[in-house]
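Structures are listed in the sections that come next.
Both complexes below contain subunit A, partnered by subunit B and then by subunit C.
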Partner chain A sequence: MILRSLLLRQGRFALPRSTLIRPFRRYLASQIEETYTNPHQHQQFIAGADGDATKSQAATSLSAESEVLDNDPVALNYALQQHSKAVTGKIGSMVEPHYRPHELLSNPPSPKDITLELLMASQSHIGHSTSLWHPANAKYIFGVRGEDGHPIHIISLDVTAAHLRRACKVVSGVTERGGLVLFVGSREGQARCVVNAASMSKGCHLFTKWIPGTITNGQQILGKCKKKVVNHKDEEVKGFEDQLIQKAAVKPDLVVCLNPLENYVLLHECALNNIPTVGIVDTDVNPTWITYPIPANDDSLRCVQLIAGVLGRAGQEGQAVRRELALTGQLPARQDHGLEPPAEQETDERNSRDKEHGRNLLQAGDV
Partner chain B sequence: MITRRLARPAGALTSTSWTCASCTRASLLPQTCRQPPSRRSLHHVPPLTYDESFKRQGIPGLLSPDGFRIAWTDYQGSMVQKLNELTAGEPYEDAHVKQLALQFARDPMAASLFNHASMAHNNHFFFNSLSTSPLKVDRLPTLQQSLNNTFGSMETLQSTFLDTAAAMFGPGFVWLVWARNLDNPAAGAQRRGAWRILTTYLAGTPYPEAGYRQQGLDMNNNSAASYNSYMNQQPVNTVGAFGSFSQSGREQAKLPPGGTNVMPVLCVNTWEHVWLRDYGMNGKRRFLRDWWDCVDWSQVESIAPVEAKHPLEFQRG
Partner chain C sequence: MESPLLGRCLRRLAQCPSRSPQRQIVQQRRLYATPAEATGDIRAAPPIRFSSDPQQFSQPRAQFIDSDGMNTAARRRDRNRNGNQGVDDQELLRQIRIVPASPSYFTATPKYTDDLLHLSHLMRKYQLLPVLEPGQAPRIAWKTIDQYKTELAEPIRSKGYNALLHLLKRLNYIHPSLMPEEVTQALDKFQRDVNPYLNIPKPITVSAYGVSVAAGRRKSSSATVHLVEGTGECLINGLPLPTYFGRLHDRESAVWALKSTQRLDKYNVFALTRGGGTTGQAEAITLACAKALLAHEPDLKPALRRAGCVTRNMKRVERKKPGKLKARKMPAWVKR
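For the complex of A and B:
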């Protein structure tokens, strides 16, 4: 398993813990109030739903030339090629907006874009054969479909949407408060969306087998991983190396699991350590394993990428809020890291010693 | 309860041989007007910036509302409809028109697809250069200077362009293109190039990536020798004609990756259906003259590449 180094996220200076002022909805709103257009509404497949799509291309505002270095021929060639593509590439007909699989990874939808039509188009309502179901999922199931021999359960899309929105709130709430989210998806094809979601939420990702004991036996398995201290602006702060040697690897504050059936050990360890979990619960999955289940189809890659993308966007929004608050001086992060601020003389001595001896920190090892 | 089966068993959907007495006659009649399968077509007629105005009062100084309807609304509609039919169900059904034209230029079995894609592209390009209040070229000094560097004067450009178009027998397009010099420029210098006038008969395309279907010559009165001299590259002896050390190979190597050496900025559609209704059978020259006065040079200026608008000293391409 390759686990990126878990990082300490505590701030350097211990401010008195202030009551978190919950920001208003419009706290981060820009000056110009724009009507929100759902970029994924073409997947709704309702006639007339996006009636203005034909006019969206009418404004042929040709983009201005970007500032290019005058003396770099490669840059000039590239600029010409981009200009030519932009100006002549779409001339001829207007192609209707349609589903393009790579967009789930390059531009995932946000929690605002969750609609029943989008979920249905992503095959998230398709459950497993009725003979394979877990009865605890009865409240998530809409009904049975299929021919006489092979009926399957259909998951209620309104239930899916509600649970997915709740999970988005959980993820953005955790990231708003400086929490660490771990995205896990070990099935084939889930690696990219897991990495994307983790990078948007500034969390950690895992797309291979979870090594049992990574949380419960963390001091052994993650004993040699690299740790660092970052301040409220996410800048690394030096001076804590001695203290970090003794510190255990940090545990995630939230775990998002895209295939709970294969990762039951991970979920059990999270439960033992009071770590809340978010997970995609298919009709054959035990929903009691997961704190915030999302009833959906875990076998469809499109559905999984959609859910991972939406949760990643939620984490991104939470990170943006946290950054805004940090820049104005309000620090929502917990300050119970137990680190002592290094003294000034010790810092100078250490810096000079570093330059003389070239001491290296412990490096992360591939476990 | 969730596990209860649906009230609608599968058997109700299958047709049975029994029909009730009241609908015996109706059900036994053959289904003549069957509803077409609901399928969403991916290509639509693109909106023009001024098409609302054009629909109501035509293109001022060029086409009447009826003429515009024939040349744009009906014709582009038929091109798009044919494109939808030809690409339905195929993996390239959502590709843009230019990409279809470039992809299928080399495939003679897909000639119909190329023709319709290229015509749709060229027609849209033509109508994009028209507007309700066109800007004259003398209001754009850098562009005018750049054109003068190649042609000497705007009058020469106009006469060359329109004479070329008038001399073409049969339908086609005439393009004003910026042709880049393939030699890499000296360090610190702009890549040189010049303006050129390009003819494409029928549904030919000016892009060199689809060079097989440029259709720049009327092959009815050209021989293989004249075609070769037009293409200006085919040696009699094919030894050394291909590969990285041949002339074509060396020229190809000079192209930047993904780059093109020709960039069209303006075109005129000389297909008869565009001007026949408003100008009559003998009205081609009058149409071309009127068209030149209606060209919106601001659109040309925005399409033209940056290196074409920084004129160097007088140079012929």
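For the complex of A and C:
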């Protein structure tokens, strides 16, 4: 075929690069967008984009991303396929802004985007059956729906929004002061949003079962797990390794729990150790377990991913503020780490003293 | 007329103001827990000094004791060093904090969780790349769970490791022409150092002199057979067949490979056997003879398989167990 032989003759580096691959690659995004961008910005029909490219030109320009090995037909075919998809995929289509579920994970909204419409679209107002409710969270409930068959409670979205904004303030406040936030979500499907939120707030994640005693018996359970010392710029500082071995296990400064019903042990341990908790409180959850409850639906993945994403963004904002302050020299209130400066000179003195002592001992001919 | 009791009370009340200074002195003495004059080793605590320094609570409390002028090792060290370094240490201590080395710290298996997340990330990123046909992926010996656990020194369950293996096997199916570098690196980390699938048995060939050599085993016996085209002679450990095997059944089974294919008069057999008893040695020669014959005539394999000469009989004598008389035989049952 003409297309392939052109490629083989001229080689891929001699050909122009296509720029239309990028929107397609965003679908496969596994990196989280660092700055929040309006996801619907790209949904505009661009007339004549790359329209000058004739078929031969289009087919001969390859995407830079695919690593094509010399003459393998599978690789060549794949490259051609990707390119033609990118070039011709959008032609003639005018896609209206629409909901894309993966964006909750790849580009989560920030606290300022919390609206009642967004919460309702994420099914966060749907509570459980009225017979299963916990009366302590009556003040979060708007009313009852479905009188005939199985009535369920509806959560007030204005209350949800207010509590969510407060929780965002708590998370960003903790991260501003260099605190460690632990995101916990052990239900199926919550792993990805928990990991994303933790990476945005530079905290820790847990998406499997909480091991009872991780905080109260930390030395036993987390004794083998490594800690490190970082400075105000988040750079690792060496020289404290031997001191760290003696130190107790690290405890989180804030715990965000996306399914409190399954993690009541975690919440109890946090309460015993004066660690504040943020959690999604459904109509059947005991709200007294949690310091900063967010009344919402913990069974809907969409709702959980939304809340985790928003809290992650709040943590990200707090980290940005902390970094700015640190660079200007304003350090937050220091924690009691109890570390001593790495004693390099002391060890040198000790070594030289030991050598002399050793020489004296060996004079008598000891082996 | 006043009562005598009332008169007494009034007189007492009138006398009260004169008594109060004495009572106050008594109370003052009782207020001090330590005596006013310093006797022996009981000394009053130093007076409390308040400072308005905004950084006063950012230092550890031990610093206050040091600042009283006591000669501690830290102070000596600071004085010995240059002035700059002492300040830098304090500044460093103010800047640092202890954090987990990995975001998976609270899972108690941080390295395993990080590996799982890395592989899941690669899987999501490259899930649309073309894959090989089922069964065509390069055969790789993955690390066993014990090897992985020893390497990581973490308590990992087999269910968790199987999830990891599932991801590895799926990533291994990506077409080699499009396999990304980072996927190759990730897969290499989980491969066993020695690939057992590269261990293929040496093929048995016919030498320049027309001799093929093969080994066979049965029970605890082993035999080596040299097979060459000839007239049908048979020597076992230097002795002719009927001399070595007194039992007719053993004689037949030793050359069963040739007998079942009607080639008794076509080949000469020279066998060396060690170990076990008569039956074991005879069956070992059967297997060895069959393998040697396949070197001469590979097309005989289906016939030899039907004759039962190709498969190595893996049966071994079962060991005796405690509580039993032999491997399986139980002692006689007693009611009481």
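Everything below uses one rule, namely that the second predicted complex is superposed on the first by the 249 of 367 C-alpha atoms of A that agree within 3 Å, B and C clash if a C-alpha of one lies under 4 Å from a C-alpha of the other, contacts with A are read in each partner's own complex, and residues count from 1 in each chain.
Everything that follows uses one rule, which is that a residue touches a chain if its C-beta (ideal position, glycine included) is under 8 Å from a C-beta of that chain, and two chains touch if they have at least 3 such contacts.
Owing to the predicted nature of the structure, the values given are computational and were not obtained by experimental measurement.
Colleague: On the A-aligned overlay, A:A138 touches which partner chain: subunit B = first, subunit C = second, or both, or neither?
Modeller: A:A138 sits against subunit B, while subunit C stays out of touch.
Colleague: Per the contact definition in the header, classify A:E147: touching subunit B only (first), subunit C only (second), both, or neither.
Modeller: It touches subunit B, and subunit C stays clear.
Colleague: Please work out whether A:L331 is in contact with subunit B alone, subunit C alone, both, or neither, and reply first, second, both or neither.
Modeller: In the superposed model, A:L331 contacts subunit C only, not subunit B.
Colleague: After superposition on the shared chain, which partner residues are touched by A:T214: those of subunit B (first), subunit C (second), both, or neither?
Modeller: In the superposed model, A:T214 contacts subunit C only, not subunit B.
Colleague: Is A:V74 touching the first partner subunit B, the second partner subunit C, both, or neither of them?
Modeller: Both partners, subunit B and subunit C.
Colleague: Just subunit B (first), just subunit C (second), both, or neither: which does A:R177 touch?
Modeller: A:R177 contacts neither subunit B nor subunit C.
Colleague: Contacts for A:M94 in the overlay, against subunit B (first) and subunit C (second): which applies, first, second, both or neither?
Modeller: A:M94: touches subunit B, not subunit C.
Colleague: Counting contacts the way the document defines them, which residues of subunit A are shared by the two interfaces, the one with subunit B and the one with subunit C?
Modeller: Looking at subunit A, the two contact sets intersect at 68, 74, 78.
Colleague: Using the touch definition from the top, list the residues of subunit A that touch subunit B in their complex.
Modeller: 45, 54-55, 57-60, 62, 65, 68, 70-71, 73-74, 76-81, 83-84, 87-96, 98, 100, 130, 138-139, 141-145, 147-148, 151, 153
Colleague: Give the list of subunit B residues in touch with subunit A in this complex.
Modeller: 2-6, 10, 40-49, 76, 79-80, 83, 94-99, 101, 117, 120-121, 124-125, 128, 180, 184-185, 187-188, 190-191, 256, 258-260, 263-264, 302-303, 305-307
Colleague: Could you list, by residue number, the parts of subunit A that touch subunit C in their complex?
Modeller: These residues of subunit A touch subunit C: 28, 30, 66-69, 72, 74-75, 78, 178, 180, 182, 195, 198-199, 203-206, 208, 210-211, 214, 221-222, 224-232, 237, 240, 244, 247, 250, 252, 326, 331, 333-341, 343, 345-346.
Colleague: In the complex formed with subunit A, which residues of subunit C make contact?
Modeller: Answer in residue numbers: 58, 60, 77, 81, 89, 92-108, 110, 113, 117, 121, 124-125, 127-130, 153-154, 175-178, 180-181.
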